[in-house]
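Each in structure tokens, the structures are laid out below.
You will see chain A twice below: alongside chain B first, and alongside chain C after that.
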Partner chain A sequence: MNLMQYMLAQQAIEETFWRKAPGQGLILWVVIGLALGTGLCFLLSTVPTNLRKKVIFTFTFLAGLPYVLAFLWPRPISADFTNDIPRNKGEEIGFFINQAVEPVGTLTNILGGFLLGVGIFSLVRVHSIRIKRRQENWGYSLVLLASFAIMTVVGFWDWRLRAFVDQTGALNVRDNWQPVNYAQDLLFEGIYQQMDSAMFSMIAFFILSAAYRAFRIRSVEATVMMASALILMLNLMGALTYAWGEGINNLVVQTGNPFLMNFKLNVFADWLRSTMQIPAIRAIDFGVGLGALAMGLRLWLGLEKGGVTA
Partner chain B sequence: MTIWEKMQKVDRRILYAILVVCVCVGLFFPTTIPTDPDPSSKSFYAEVMKLEKGSTVIIQTDWTNSTRGESMGHFENLMRLMMHGDHKFVFYSAADPAAPQVARTVLARIVAERKGQGLREYKVGEDYIDLGFFPNAEATNTTMGSNLRSVWANRKSKTPTGGEVDVWQTPVLKDVKNIGDIDMMIVVTASASIDVAIQRLAQKVPITAMVTGVTGPGVLPFYQSGQVKGLAIGLKGVYDVEYMMVNGINDVEVEGQKVVEWDKVGKVDRVSEGTTFSRGRAYYGTLHVALVLLILAVIMGNVAMFASRRRKGDAV
Partner chain C sequence: MFNWLQGEQYLDTAPVGIFVTLLVVVFILVNISRAKKGSEGLFIRRISGLNAIDDAIGRATEMGRPVLMVPGIGALDAISVQAVNIFAQVTKSAAQFSTPVRLCCGNAAVYAFAQEVIRDVYSQQGMGDRFTPETVQYISEQQFAFAAGVSGIIHREKVAATFLLGAFYAESLIFAETSNAIGAIQVAGSTQVTQTPFFIAACDYVLIGDEFYAASAYLTREPVLVGSLVGQDWAKILVASTVLFGTIFQSVELTGMTTEHRAGNAMVSVAESSNGERTEERKKKTDTMTNRLFNPFIPEELTKIEREKKETAQAAEGEGE
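What follows is the complex of A and B.
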């Protein structure tokens, strides 16, 4: 199966105002979409500088509108917007709005994919210029672009073999791999992922160094923080928690005082988490949420000018 | 320069060397350490084991090898639990383009491991579906909540024989019409993508999570409020789950005492087949060593500071 057959083999989907099943006319729609997209990009590039912000704000507002309306518009509690039939005009509008959420979501996912493309374009452009002008550390840029090209070619080749050539699932077994499959495995698992791990593991060294040099008990607050951290860290050590707990159990048996159970390490740590840590995090989350709401509203309504340059 | 002043100015490379040696030694001696799993881990295990055989589960896997010390152990345990329960599952990522490939690698390894143990082999398109990457977590989770069939419309899955089939025609999803037909959503993550899933889907499907130690405290409020039904946090969470896979909850007894006790649930069975203790057991001893080292570093650093101050005070 080639890519074109793959696209043609798409199943019929539920139709709404927002989405039409392409059926056999899929290729035509793809061509129309590409033509419209290219035309739109061309038109956008010709928009006068002073109008660009307005275009951006209009698109932002339109993209956010279905989500806001879907949240605010009254609807039956158990409404199924795919299979139910609206009973009146109000519900009909609600259904119309809610059916828009999915295509807009799909659109944002596609835009997210395009953003990856924009990122790649920008990366290639910046580093190509650096190599061309022999700027400082241009050698690193060369390595970056070479790695990028090799990874792309090998990755797509491997994907093509697995998706379109291998019809029996033979490549799922390592013994049947071809050189390109080994190359992909080496590049992705053997190099990229291992470097990812190595970078992250460096944090351990900085944490230890910081613990030794910077975590000083210089104030009451620092002492409280250190005591709390100590209890939570000790609680992560199962051996210690278990031994401590057994000791408390024996003490309770000897003294007959169940209150001592509160001094089990895990009970105390759990109390710290649920009574101190979680409420504090919740308060922070609440503040962050309010801030995000305010910022979201500002962005949606075009009041936030930062980051939008003409 | 006194010994205390020298200690305060110790070369950081010495600290690094101590860390490397201590951590590496622990890795060579995996030990079964008795523990009392955290309540959130117990909830996670109980919720997953409570699923009826053959349930349908959505797995959002948002981790890569940068956090494999914790997340890979979580994901391996999850795969073993899914396969033990004969559950059908769908997995995808909404946070990192590399995450699906990392999950595929782990899944393939667990499938091969179980095959080698003479257990049923999980097959793509029949027992699980790989949906790949969705770039926008907010839009994806929101649409999943409103219309699951449309968000995955036209997605194809490989079949065990190498062909392709629409995901909605597979045994995994053919009876699913909306998110309410999914028995559980499990998020394995090293980032705040769990927050998005909770905000968009917690009212529509039971959510449990396996998160890193760094992400864990941020998810605890959702666990406390009941929006997340169970939560395995960090390496301790990995070991907790493995420990319960071996001992169950209120199940296995040693000398008349239950190994893992919890009064919030009845008996929750242990996992009686395949691998149980694995990565968590291998790393848990090392976690002990690393934490002891960290605590010692803080204590030594402070002792050196106070001793040095006192000497300076005496000198004045």
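What follows is the complex of A and C.
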């Protein structure tokens, strides 16, 4: 499989108003896309500062419009927007709007891909400068750049072998691996994943030290928090919960007062969760949701004064 | 009954969900309009986490150390844009005292956006030359590689203050505890309710919930932002009222007797019950008017609609068989 066949295999088959399958003219479309993109980038770089806000607003508004319309217009029920035929005019409009959502998402991904290049450029520049000027700890920068280069080369080589050279899927079996496949496995599974797990496991120690500071009884709030945490933690200890529960059962039998059942650890912990914790979380979620809605609305309508228009 | 409104989103909560959303949008736009005409009478309560910004920058200036800012590891969305907006204000204050800042990004799009914003802030302060490649840095898209990178910067540069605002996950505590270990002042805020407790346990000041979104209005007193905040408050009153009245109506209704109830794919009157006897029973939670308002009864045939397939799809299905 060559690159052309690979790209053709990746593209969608079904066409919509928003998505065309270029077929054999793929290279031509790629060239046209590149030329248009380069021209657009050049034009954008010449836009005067006072027009930048309008350009950004226009792009933001157009990109957000399909999502807003898709939210408001009745979305055809259990529809496959690519393969189904709409039943009436209302559904036709619904199909048209919902088909537009995917290409906008794809465009965002493409922009994200370009921006990743900008990010990598920043990373390489910062560490190259550090090495060049022999700044403090420049050795770490050298290790970073070397790791970055080795991982990129080995990763692409491994992918190329698996996607283009290996037609039969023989590389899925370890016995057929080539040296580069072993190298990729060592770098990714053997080193990267292990370091990632090590970093994650450190959180356990950080939780301990943070909990120690947070649960020191300094104020009423800290005392309440510590008491609640203690009840919830004790509730997770099966033997203790059982023994405590049995003690309460005996007390109820002796005193004849069923109200004491509320003091079982699991009942008290459930009460804390359902009556205190969940309402608080829901209240915070309402506030956050409304804040996100307001922020999104301001961005979409170009009312936000922050960012590049500050 | 619902044939005129065949939309998936209308089946879930009836038009109520869409109507409430539009009402909130109207609240926000009306208040922005009001604030533009004059925002003097609009009050924002004191938020201690945001008052601490100047103290933190002052401390960094006295110690001659940088201020670290992290907008989380989320993609470029409302949360990261808001975080960068707050950081623009922090940078503005820091630039006035020539205090260096470090903004570490875990997403390339956020990095590109933050770089533009922070560079603009320095230019506006007439200090364009102070913006260096290290001011805004891209670290890594991988969660723990990013955590390790930022922790390294905190340790090596001995930052005096850290601002952790945005979408954080498991790495939140790594940043907070590393900053605490070197004695930095920490101001944190996350929209993730699962991470907020970690920040409360480990940081000096925490923005909880929508305080994060109120921050730019609080810091800038920009009429559009203040108006938007008041609109959000109106919406919160609406939500709280709905919860309150819903609770009361639901409680009152549950004390009554039912005349009909849901049975599978139909509403069955008590008078038509299977054994032919009229038996009154207490209403269930699903029988109340409040519940039905938000969960309308939808016949099953309306939730699944069969459509004709395009010719190409039919051919593909034929090949598959």
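To be clear about the criterion, the second predicted complex is superposed on the first by the 236 of 310 C-alpha atoms of A that agree within 3 Å, B and C clash if a C-alpha of one lies under 4 Å from a C-alpha of the other, contacts with A are read in each partner's own complex, and residues count from 1 in each chain.
Quick note on the criterion: a contact is a pair of C-beta atoms (placed from the backbone, for glycine too) under 8 Å apart; a residue touches a chain by one contact, two chains touch by 3 or more.
Given the structure is predicted, the values throughout are model-derived calculations rather than measurements.
K.L.:
Pick one for A:L303: touches chain B only (first), chain C only (second), both, or neither.
P.N.:
Second partner only.
K.L.:
Applying the touch criterion given at the start, work out whether A:G169 contacts chain B, chain C, both or neither, answering first, second, both or neither.
P.N.:
After superposition on chain A, A:G169 lies in contact with chain B alone.
K.L.:
Thinking of the overlay built on chain A, is A:I217 touched by chain B (first), by chain C (second), by both, or by neither?
P.N.:
The answer is first: A:I217 touches chain B but not chain C.
K.L.:
Once the structures are superposed on A, label A:M237 by its partner contacts, choosing first (chain B), second (chain C), both or neither.
P.N.:
The first partner, chain B, only.
K.L.:
For A:P74, is the partner it touches chain B (first), chain C (second), both, or none of the two (neither)?
P.N.:
Second partner only, chain C.
K.L.:
Based on the superposed arrangement, let me know which partner A:G112 touches: chain B (first), chain C (second), both, or neither?
P.N.:
Both: A:G112 reaches chain B and chain C.
K.L.:
Please identify the positions on chain A that touch both chain B and chain C, taking each partner from its own complex.
P.N.:
Touching chain B in the first complex and chain C in the second, residues 13-14, 80, 82-83, 111-112, 115-116, 196, 199-200, 207, 209, 211, 213, 281, 285 of chain A appear in both lists.
K.L.:
Mind listing the chain A positions that touch chain C in their complex?
P.N.:
Its residues touching chain C are 13-14, 71-80, 82-87, 90-91, 94, 111-112, 115-120, 122-123, 125-126, 129, 136-137, 140, 195-196, 199-200, 202-203, 206-207, 209-211, 213-214, 281, 283-288, 290-299, 303-308, 310.
K.L.:
Give every residue of chain B touching chain A within the complex, in rising order.
P.N.:
Counting only chain B, the residues touching chain A are 8, 10, 12, 15-16, 19, 23, 33-36, 38-39, 64-69, 97-98, 101-102, 105, 108, 134-136, 138-140, 142-143, 146-147, 149-151, 153-154, 156, 158-164, 166, 168, 177-178, 217-218, 220-221, 224, 234-236, 239, 284, 287-288, 290-295, 297-298, 300-302, 305.
K.L.:
Per the contact definition, I'd like the list of chain C residues that touch chain A in the complex.
P.N.:
Going by the criterion above, the answer is residues 5-11, 18, 21, 24-25, 28-29, 32, 75, 78-79, 81-82, 84-85, 88, 105, 107-109, 111-113, 115-117, 120-121, 124, 133-134, 136-139, 141-145, 147-148, 152, 156, 170, 173-174, 176-177, 180, 191, 193, 196, 198, 200-202, 208-210, 212-214, 216, 220, 222, 224-225, 228-229, 231-232, 235-236, 239, 302-305, 307-310, 312-313, 316.
K.L.:
Hey, which residues of chain A end up touching chain B in the complex?
P.N.:
Residues in contact with chain B: 1, 6, 9-11, 13-14, 19, 67, 70, 80-83, 98-99, 101-102, 104-106, 108-109, 111-113, 115-116, 166-170, 172, 188-189, 192-194, 196-197, 199-201, 204-205, 207-209, 211-213, 215-217, 226, 230, 233-234, 236-242, 245, 266, 270, 273-274, 277-278, 281-282, 285.
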